[in-house]
Structure formats: C-alpha cells, structure tokens
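Labels run A, B, C and D following the written order; every chain starts at residue 1.
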Amino acid sequence: MKQRLDRDIIAARAAKELKDGDVVNLGVGIGTLCVNFIPPEKQVVFHSENGVYAFGRVLAKGEEDLMDLNLVNAGGQFVTPAPGMSICTFADAFDAVRTGRIDVTVLGAFQVSEKGDLANVVASEVGWIGTIGGAMEMASGVKKVIVVMPHTTAEGKPKILKECTFPLTATRCVDLIVTDVAVIEVTEEGLLLKELAPGWTVNEVQAITEPKLIISPDLKEIEL
Amino acid sequence: MKNKILNTFAEAVADIPHGASIMMSSWGTAGTPFNLILALQDHGARNLTYISQNIGGTHVIRQFPDKPGMTRYLDAMPYILLHSKQIKKVIVTWGRGTDRNPIEKMVNSGEVQAEIVPLGILVERMRIGGAGLQGFYTTTGVGTFYEKGKETKVIDGQKCILELPLRADFGFVRAYKADTLGNLVYRMTSRSINPLVAKASTVTIAEVDEIVEAGELDPECIITPGLHIDRIVKIPEGGLR
Amino acid sequence: MKQRLDRDIIAARAAKELKDGDVVNLGVGIGTLCVNFIPPEKQVVFHSENGVYAFGRVLAKGEEDLMDLNLVNAGGQFVTPAPGMSICTFADAFDAVRTGRIDVTVLGAFQVSEKGDLANVVASEVGWIGTIGGAMEMASGVKKVIVVMPHTTAEGKPKILKECTFPLTATRCVDLIVTDVAVIEVTEEGLLLKELAPGWTVNEVQAITEPKLIISPDLKEIEL
Amino acid sequence: MKNKILNTFAEAVADIPHGASIMMSSWGTAGTPFNLILALQDHGARNLTYISQNIGGTHVIRQFPDKPGMTRYLDAMPYILLHSKQIKKVIVTWGRGTDRNPIEKMVNSGEVQAEIVPLGILVERMRIGGAGLQGFYTTTGVGTFYEKGKETKVIDGQKCILELPLRADFGFVRAYKADTLGNLVYRMTSRSINPLVAKASTVTIAEVDEIVEAGELDPECIITPGLHIDRIVKIPEGGLR
C-alpha cells in the first residue's frame, strides 16, 4: 500500500488556501489543525459558531495552566484569545455565517459528490439518534468550503462519489477537497484533479474515486 | 423594590411542575448552569422537555479527564436528569450518547423522544421565541433529509423551510455577575446561548458568581437587561463554578 | 364649561397605577410626565424601545448642561441615567415588549372603543403619509395598557366611542383610560366608570362619551 | 492584514451606484451617521432606497433649537438627500415632514415612494436581514389597517402576518470606537439600530470617534464583531460628532 499524507500535511495544504485577512471557521478534526500552519506574515481571523471572533490556537494536553473553562471553540476545545477577540451569542455567530461574512470553512466529511454535495452530519440513517451541529449552516453559508478527509473509508471504499449515499448536509456547496492522496477542485464541468501526493499517479487516484476525474493541465505534486 | 435574589437553588426551582419545559446552555464547562441542574434533580420534577444545544456536553471534559475538578462537572451535566428519569423529550443539536450518557438507549427504547435540529436553526428558534415572534423561514437544510416533513415556501425565488419558535416555562442561565435589577454579564464563551435562554423563558433563573448593586455594572457592557430575569442565586462556597 | 384636569394631574393619576418593581414604558406626551409623580419609596424601572432599560427623568429647557447627545428616550428627549441602566438595540428592546416583559405602558390616543380597541397611530387616512412608531407593539405586547388623553377632541367630540373611526393601533388592548374628567376601566362587560374629576357628575361624563358607561358601585372623586 | 481604514468619507462612499439601497440609523442626535450622509450628498448617487427609522429625525433637535451646534446637525439629517433629489423610496416608521423636511410633498406628488412600517416590525426585518433569514411571522398589526394586503397564516391558533427581511447594499454606521479588525463599540442610545445596520448591509461603512489597535477593546463589551465591518473612517477635526 502506498504512503498517504498524514493529518498534519492535509491541514497544512488546506491552510495554504487561507488568505491574509480571511475570516475562517475550522471544523473539528483535521480542520482545527490548520491553525498551526498559518505563517506569521498572514493574518487569518478565526470565527467559531459558539460566539467568538478572533481567537488563537487550540490548547493541548500539558497546557492546562493556560486553559480558561470559559473560553472554548465550537468543538468544546480550550483555545487562546487573539488580539481583537470579541464575544457574542451562538445566534449572533450564525448570523455572520448565513450572511456570507465567513470567507472559508475547513471541515471533514463522510462523503462528497461530484457536484459538490456534502454528507458530514450524523442523521439516524448513519447511526446514533442524530448529531447535526452547525455543519448545515457552514456548508451553505460560507463563501468557500474546503473538505479535508481521507480519500477512502476505513474499509477502502471511495468517499468521493457520483451521488452521496449518506444523508446530505448541503447540496452543491464544496469548493475544494484535500485528501490524503490528492487535491481536487469541484468545478461546473466536474471534479478537477489538481495535485497528487508524492508517488501517486492519476490512475491510482482515479481507481479509488467513483466519478471520472478531469485532469488539470497544470497537474503537479502537492505543494505546501 | 422587587427582590429577585433567592438564597438557595432549591427555592429557585421549587415551583417547577411535572411536565414543564426547561431551556439551558450546555457546551461543556463554558456556561452550563451546573448548580441549577443539580437542584432540579433533587427537586424531582418529571416528564420534562429539555431544550439545549446538547444532552450532555461531555466532549470538553473528556478531552482532559485529569484536569482537577472535572469529575464534579461530569456529575452535574444535564444527562444526569436522564439517569433520574426526569426527561421525556429533548430538543437538541447534539444527540450523541457516551458511556455515562444513556440518551441513545433511552431514545431507541422509546422512553425519551428526541428532536434533532441543525444548530443554527435551533438557536434562531430560541431567539425568535425570545423575540415574541411566531415563526421564520430559512434556506438551511433545503435539499437535505432535514427538509422531509417540513412546511416549505418559495420566497424571492428560494425554497425556504418554516421553523417555529422555542420557548420554555423555565430558563436556567449561567452568568458571571448580576446586579440587583437582574442585569447580567457573562464570561467569554460562557455567554453561549445564555442571553437567548433568558429571553425565551417565562420564568428565568440565573446562577451567578457575584451579585452587585444596581449601578455597578457598565451600562454599555450589560448583555442581558434585568427585565428578562426573575430569580437570581449566588453560587455559594463549594458550589460548582 | 366645567374645569378639567390638567396634564400633570392626569399623569399623576396614571402614575398611581404603577407598582413598586414595575417595568414601564411611557409614551410621548402626557405619558412621559408620569416619571415626575413616582414617590421615592416606589421603584419603577423605565424601559424605552430605542434600547434603554432603567433611565431617569426627561431633561427640560435650562438643563442643557446635563444633556448627553447620546442618551435619548423613544421620543427623542434627553433623559438622565438611573442606577442599573443597560443599553441594547431597538430590536432587543422590542423583544422585551413582545414577550410580555413590560408591565405597564402609558400612552396617548386619538380614540378608544368600548371593547378597548386603540387608535393612536397616524395612517394615511388620518393625515400625513403615515407615522406608526412602536405603538402597535406596545399596545399588543405590554401587560397593562393605560391611555391618558383629553376626554374629547378639540372640537368637543367624544374620543371614547362604540367603534373607533380612525385606523386601529391594536384591538382589545386598553385596560384603563385616564382622561381630564374621569377614570374608566375597560372590562368584559363594558366601560366601568370608577372616578370622576372634582365637580363632574355621571351624567355630564356620559354626555361626552359615546358608549353607555357602567357605574362602579365604588364610584368616587379622583384620588391621587 | 486587511486594511479597513480609509482617510475620507468621500472615498468611503465613492462606489455607491445610482439605485443603491442605503440603511442607517436616524434617531435625532443619537447615533446618526451625519458625516456619511453629507458625503453621500456630495457624491450624488440618485434613485436611492433609504431604510431607517425616520426620514429626518428632527424631533430632538426642534426641542432645543438653542443648543449650541444643533443647526449643524439639522443640516446633516437624512432629509437633505430629499432636497438633493437623491431618494426614490423610503422605508421608515416615522414619515412625518416638517418645515425643513419635504417628505410629505414629495410623497404626495409621487416623486418619492414611502413604505411606513410599525417600528418593532421594521427593526426585526432589519434583524432577520442581518441574520440571513428569509421571513418571519408576527401577530403585530393583526386586526388593524396594517394587515391589509399582507400575507397571513394561522400558527398555533393565532393569526400572523408574514414579514420579509430588509437588507441594504450599503450600511452607514455611527459608532464610538473601532479597532483595526473592525470591532465596534457605541455610546449609550447611539447604539440605536447601528448594530442591526452593520449586519444587514452588504458593504458596511462605519464613522467613528476613535480607532484603536486590535486588542484594546474589551472582548466582552464589543457590540459589533469586526467581520461585519468593511470600511472605517475616523471623524476628523471639525467633523460632526
């Protein structure tokens, strides 16, 4: 089995999409790791739907002294404040999401379709009694939606499909997919394969992707 | 002057009847009214409808099981009301059970009903409940499983879902400071949905770290005006904070 | 022509209805005068729909030094702060009105019907292009609605009518009417005449009131 | 870092096209963006839709005609845009003209259209515009002339009126301090509808007394988070404040 990119590399590649001045919402999982890959010359302002604009990094084990029980992100993780932080309610935070004031969201997914449909909520069809969270608003309200995920399921099945089989979070919302083997843009014409993980070929990626990929004329090895 | 200050949480929840609806924040350690939850368990009202983001909120706490005091919070999370069989319905966005939280089993057995709502819709339903309005339209969820069975309408060329307000008979609010008029300030993301709960409840009860005289809080920085608050209890020495 | 009560006396009588601890919204005109007739042992908290809870009295000419251009009531008058004042937006202020968090409103009227319908907004039928303001929300959302007004129009016509002829602000909302000749409660059975201005008889008040008045067994001279 | 700070009001309004919608507060001296109004008059965009509480807001000022500086405010009230024939439609709650304000004449002659909305509905329409929602139901106005021609629906046994969101292409905001991220604080009732305008506008421009570095404002007391603000201009010496 070929080497796949690890979670940090996926996060670093997604973080490259974040531009100076962007307001960004990071989903729990690989998404939250992006904060570690923002170069100092770039100012990215993080927003979280639990009511905080401009916060810093997620605190890890061993940093208990820095943790404030009153300051958490949407994933319930303890975070640091950043200069210019402001606090609001959940309702106010979602106002910003629905009115398009968030530039980018980086979130995980169970499945993405070739039209950019996203499946990443837990409805009863998936298991449990259901867990939706803020994903529906993020996916449909944020200007640019980046999905970060392994290219295939634990069983090796494709997660990029012609049609999602899991319950949809939102339709036609995904702009870019960063996986552990490729970077794929969702375009009007279909899925555009833009970058490959080191050592991977077009055919190898196509083999684990259900829809037919369009190959970018500028196809290259993944760059961080 | 109307006195809103009570000495104990037991007094503050004493008149909650069986069948009441209760709204509160539950986002881990940040802004959950732990002391009122414990008082409600002691009080024993049953057949409650529980309205919050979460039924549990253990995700923060599970990250840092060794953090001093965390076990105390785990034992005062809303799911303890499931263990004491006080809840008949939950309206939340996160319905996931854990080893301590029996929600999955109770829903699957039909003992508890669950209404799972997208988070942005959930908090907006609370907001318009607290605004005294009767419904709103949103494009969130259109084209997904969530639309199923929902009333829809095309507005300005867009298909929208009708959502109804959420209000509760009693609201539990966790704030930082209250003044004697009931004005409240919060701390960081412990603000959470607490200001929404304050407005969307018929009787709003606040647990606070400190009570000050009217006039001591900065008028520009008060988040919940006192007119939404009916009862205030200061968390005593040894209470959860 | 008999002596009628002046604006201050009407305001003082309405103020007597305000209880300790009440949250009160005062309409522009006679309403705002009520603040001058609250005895010191009674704490009444004033709310205004332009986003202020707990403010003091309206400043008058000659008090320019106390005026803050940034602190006005819903009538645009300069007011003083009171202990415990808090500021919010117009939208937040109306949330409190519609959810029944305001105990009493004292406002003026063009007309009141015997069922308690209120006409006090300026729709195009009345003149001008229209001026509605917050009266519709106040009249339908506040727990107790007290109307303060002269008993008759400038032309001597009744303002208390079987049916309002002016556009309605809200239906069946008025609880008490304090005029310059009488205090009248709106009850399920009809209008209950409770108090008379000094020197006025039941017949004299009935003569300038369109609907038939019910006479209270406790009818008395107006008390302040 | 994204620079939101501009040097002049002229630059800040330079791209407002003919036919644009503009939302702002107008409640006398408290919270009206006088300097942006003057800049918009100089700029000259026509066929504007004006959305505010008032078309004028002279009531405060007329009470105290002798207060120093008041004439300066009178000459920067929104109605000056009527004199310069820039407005084709107003959406307000107070439509009353005065000797200085020609709104009555212009509406009666058909030169300007007026939509007069109950104040609570008006500000809630702005709020849901700023919340990205598509409509709401209210019982306000039911049984009155306001109901005429409105779509209604019975919800939970109550007849309700459907109201649609208000958004604007440009929002003029009057605030006290801004930080470099665009976070805003206001002063007393000058807060007014300014936070609603900030959210309900596609391009939001703030005029402020002071600009400070990010981090200098108290996170708990910021009323408008910076992500709603696109342009900030500090009121210069001699500007209206």
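What to note about this one:
Please note the rule applied: a contact is a pair of C-beta atoms (placed from the backbone, for glycine too) under 8 Å apart; a residue touches a chain by one contact, two chains touch by 3 or more.
These figures come from a predicted structure and were not determined experimentally.
The interface with the greater count of contacting C-beta pairs, when C-D is set against B-C, is C-D.
Ranked by separation of Cα centres from chain A, the top chain is C. Mean C-alpha position of chain C lies 29 Å from that of chain D. Distance between chain centres (mean CA atoms), chain A to chain D: 37 Å. The distance from the centre of chain B to the centre of chain D, with each centre set as the mean of the Cα atoms, comes to 34 Å.
Counting partner chains per residue, chain D has residues 124, 131, 133, 138-139, 186-188, 219-220 touching two or more of them.
Shown for chain C are the residues in touch with two or more other chains, namely 87-88, 91, 94, 97-98, 141. Checking each pair of chains for touch leaves A-B, A-D, B-C, B-D, C-D. Interface residues of chain A facing chain B in the complex, by the touch rule stated above, are 48-52, 61, 64, 67-73, 75-78, 87-91, 94, 97-98, 122-123, 125, 128-137, 140-141, 167-171.
Within the complex, the chain B residues that touch chain C are 1-2, 130-133, 179-181, 183, 199-200, 213-215, 217, 219-220, 222, 225-228.
In the complex of the two chains, the chain D residues touching chain C come out as 27-31, 53, 57, 59-60, 63-64, 67, 93-97, 103-104, 107-108, 114, 116-121, 123-124, 126-127, 138-146, 186-196.
For chain A in complex with chain D, the touching residues are 20-21, 23, 43, 45, 47, 53-54, 81, 83-88, 91-92, 94-102, 141.
Listing the residues of chain D that touch chain B in their complex gives 124, 128, 131, 133-139, 153, 155-156, 158, 160, 164, 185-188, 218-221, 223.
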